[in-house]
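Take a look at the structures listed below.
Next come two complexes, and both contain chain A; in the first it sits with chain B, in the second with chain C.
Showing the complex of A and B:
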């Protein structure tokens, strides 16, 4: 016997499917990222503290540069670094460029059409002169390129550094220990609660046999949020008890096995040279 | 493992009339009298909700009794778990929580195992030595740089034990260490617990799985549904007392079938049940079937 309510329910719980897929994808993505960070590539071998300083230097240089040539050169260098770090070319490029047209592109759109002359064409809209401004187009291209370089640097850092190392290396930037501890525990338990949420959504999905209605959906979401909050509150108490049981007294201490080598110092010197070079060349080349 | 520690051994824990009440209403323990001596391997048996986890937390000094007196390591528990004394106490007594996700709160396995030694203010070399020893003992050195969310249930349990072992405690408290594990992983863990006991440590294991008790314990303390100690003795004596086990809700009766023979008798809740009884022909047969 075919049941129309099944298809109706399927239509209504589409958001459920999407949420489940989103949760699963978040977990997968994190595991996938750690896989790349474990490879034996060039950047993976660099001490994470040095890596953070290297990337910070280049990000500052890229942010200060208004030269398309310099930014394009930096981007090519980043592609070479990704290749030396055994990152799949397609993954690296896709991760960088997927969001840029939507975010950076929308931001610069007005400057292209309302920019200063000369313009490729002019359209009068009452008091407004609308057209494709050449300086605006150049400025937008430089802006998008600058965003692409900075996003590529961030993607490259995340893909070649394990999250735990990345957090610990924030100490090199003088971030407070307690801040790093809270961040690392948040990252740790986000996954646990993602799994819990996944279970809750799946349990709900398996029992939806009729059209629940918007009001029922909202009530279920509110109840789930409450249950999850309750669970996380209880768990925070248990985790604190587990910390106390191992001698925690409120003072944060972390263990580091990092050892700086000549290769790390050379990499840092190279990154600083690139950053200074980019800043100097930006003054001469547009 | 039916050998009892020498009676001359010092008392590690001494509880007299201990009561614990959650939120001023819910009674978790109701008059516990118990003495655990150094070097003993004790199994705390009890059905769900009888206060085993609460008792372990109390033995670890995380919570104190609502009523009654408790001594730990020869002194009042309130004194040994207060201020700087807590350091010494937690170095001596380690608790492995039932849910390993509670215990593994650091980004990597190594960070979790190093957490305790770091709190003791040891030098980096000493921290490394403690971690290496604990990881080797549990056979998980290859997992050192893994994140907890990448581990299986059995691996998490081993890491949780290693995170306590790295402190080098004389007393280890284990809360349902084999819960929710597949049979192979469960018995690997049981052997590890047995090995820890053989190294002279005092081991207290809370469980309701009767099949592991003779392997990991030389003494069994049964906590009844009245939340009091209802039996205390050698595993062979306690496990032979079927009436006691039924009353404590550790085994139960129900109809089941072996081949063509359907019958009713008491069972354990988990694992394989092996038993002998007469078939219709009068022949005594031994059955070893998966439990319900």
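Showing the complex of A and C:
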């Protein structure tokens, strides 16, 4: 899991502060997402089932492409879609680039010095022959660009679709009913647990004066995990009792009032055209 | 360990579904067989629990933090099939909602962390715990080692998946996806996990399990039986899992050593650890091993018999170490930083002049870790003569060190420990 640590204060920021910051940013992200998914933009209006198919097609096309031109074109289209969907432009770009693509850039960096010739220079370092390889540089750029496009697509899908709609649309992909029910309940309880965990960590932070050693800290973490596990068991019993009381018989029924309109079909056709076009153009343009 | 989209080829990513989807289907059926409707809230809430404990930052010596996955913990408490569902659900949630791990790569991520991890963790746990009473210490060790093996194997799987990309998907030698081959990706992922994340996971799993045993032991008996349909074994055996530990150690240690050897040897099997193994005089080594074994068979029981009770186990252990000392003679070349100027001359072709002048100033009485007698240290002496010399020097060294430590202990005895810095209470 990538660590998104927003350290408020400079200096020593410990595990406790980091965990608290992680909880806060998760909740913040969820609220932020829900807020944008409710706006009246272009993608928000598209039927969620259609949207999942659209994004699946474009993600597959993007990850199959190894042409910089095609990937850059897809990214421009993506930006246009984000703009039409009333997403704050700067935030969208920052959220998608700072993080996974940036990390991918660091990961891929050494590979450009071991690539195929032609190389800009050659340095021999013991048994290693280092050199800035032009094909290696191109490959690395395409790699980072592809990761960025894929991540942006995922973020765009999530930012423009409400969680409940996203889950219902998974049924269009023939995901089993039980899985979807479990996913939606999990999502609900994740926030309850985050809240509980927040309380535990804040209680700890406000009651401890000294800085106990790592051993003591790890013990405390293990104890709070154990307490959380105990709570999970108790809660699952309570929830089950409540479900039974409301007539749950093991069968899951959901209703959906979605109706596909002309605009939905057009959007789907457009996305498929983009995907097929990207696949075709990738063969010719490097 | 979450692979983002773009690192794996789409064909490969979706192909991983062939392994993952049947596992999911079987897991759901397996868990539902046992409890029809009770499953849904239990799995959902444990998936949330799993998600949450992935957020716990654990302080690691060195000032940084790491976090665990908890797959083995859930597998031990709920059974491995339930763990498949809960970890996978948490991973899907992370990918779809928090952007951790790619959407196409979901099958690969769920396979590594949601299927491979709980199963290897759980089976290692079962193997080591085999029949131990539920509240035995052995179960804690089993949980720690199980989670260690589980995460390390998941890390290895990530390394293999990434390392296969440039082999399977390249354009005339130019890698299209993750650019590092097996030789780079596998050791990197394996070592990064084996020396870091896996240790954290092992400690946390053992600590949490010990908390549960102490405060909620009922979860370790009835619930697992309820969820996974497996009886909780309460066998009478109560011994340390010595041979199981040895087996696990070998299984985990040997590939790690091999990988480390290959890395330092530049990928060539003939030069593991960068040494030329063809130079070794194997018949000489054989006779030395025979002599060593003989010395060990005679010396170790005698030492054990003669030593007073206080030093019995420690003394025996050190004797074994001294007897085994000549094994170091097998390795060709010299240990880095310990070579004499002659060794350097052979290796580098020149001797730094400063070193040459310095080395004459102090010449240790037992230089080269051998006795200064021709029978032991002559260049043409058989290897087992040298081996005996090593053993005698090792004994002398251990006795000298022991004397120093005892003397220091005498000096320090009676003094109080430095005042500790732990103040403050804890509450949750």
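Following the convention adopted for this analysis, the second predicted complex is superposed on the first by the 258 of 286 C-alpha atoms of A that agree within 3 Å, B and C clash if a C-alpha of one lies under 4 Å from a C-alpha of the other, contacts with A are read in each partner's own complex, and residues count from 1 in each chain.
Operating definition for what follows: a contact is a pair of C-beta atoms (placed from the backbone, for glycine too) under 8 Å apart; a residue touches a chain by one contact, two chains touch by 3 or more.
Keep in mind the model is a prediction, meaning the values are calculated, not measured.
Q: Quick one: is A:222 in contact with chain B, with chain C, with both, or with neither? Answer first, second, both or neither.
A: Second partner only.
Q: Which chain, chain B or chain C, ends up touching more residues of chain A in the combined arrangement?
A: C
Q: Of the partners chain B and chain C, which touch A:109 in the superposed model: first, second, both, neither?
A: neither
Q: Can A:246 be said to touch chain B (first), chain C (second), both, or neither?
A: first
Q: Please indicate which partner A:99 is in contact with in the superposed arrangement: first for chain B, second for chain C, both, or neither.
A: Only chain C is touched by A:99; chain B is not.
Q: A:185 contacts which: chain B (first), chain C (second), both, neither?
A: After superposition on chain A, A:185 lies in contact with both partners, chain B and chain C.
Q: With the two complexes superposed on chain A, say which partner A:163 touches: chain B (first), chain C (second), both, or neither.
A: In the superposed model, A:163 contacts both chain B and chain C.
Q: Touching A:151, do we find chain B (first), chain C (second), both, or neither?
A: A:151 contacts chain C only, not chain B.
Q: May I ask you to decide whether A:76 touches chain B, chain C, both, or neither, giving the answer as first, second, both or neither?
A: In the superposition, A:76 touches no partner, neither chain B nor chain C.
Q: Taking the superposition as given, does A:34 touch the first partner, chain B, the second, chain C, both, or neither?
A: first
Q: So which bits of chain A does chain B touch that chain C touches too?
A: 30, 163, 185, 187-189, 192, 235, 239, 243-244, 248-249
Q: For chain B, which residues are in contact with chain A within the complex?
A: The touching residues are 57, 60-62, 86-87, 90-91, 94-95, 97, 99, 101-108, 110-111, 114-116, 118-121, 124, 127-128, 131, 145, 147-150, 163-164, 167.
Q: So in the complex, which bits of chain A are touching chain B?
A: 27, 30-31, 34, 162-164, 167, 184-185, 187-189, 191-192, 235, 238-239, 241-249, 251, 253-257
Q: Can you list the chain A residues touching chain C in their complex?
A: For chain A paired with chain C, touching residues are 1-3, 14-16, 18-19, 22-23, 26, 29-30, 33, 55-56, 59-60, 62-64, 66, 99-100, 104, 108, 111, 115-116, 127, 135-136, 138-140, 142-143, 146-151, 153-155, 157-158, 163, 166, 176, 178-179, 181-183, 185-190, 192-194, 197, 200, 203-204, 207-214, 216-230, 232-233, 235-236, 239-240, 243-244, 248-250.
Q: Using the touch rule from the top, collect the residues of chain C that touch chain A in their complex.
A: Touch list, chain C to chain A: 1-2, 4-11, 13-14, 24-25, 28, 32, 36-49, 51-61, 65, 67, 70, 73, 77, 85, 89-90, 92-100, 102-104, 171, 173-180, 203-204, 207-208, 210-212, 215-216, 219, 223, 266, 421-428.
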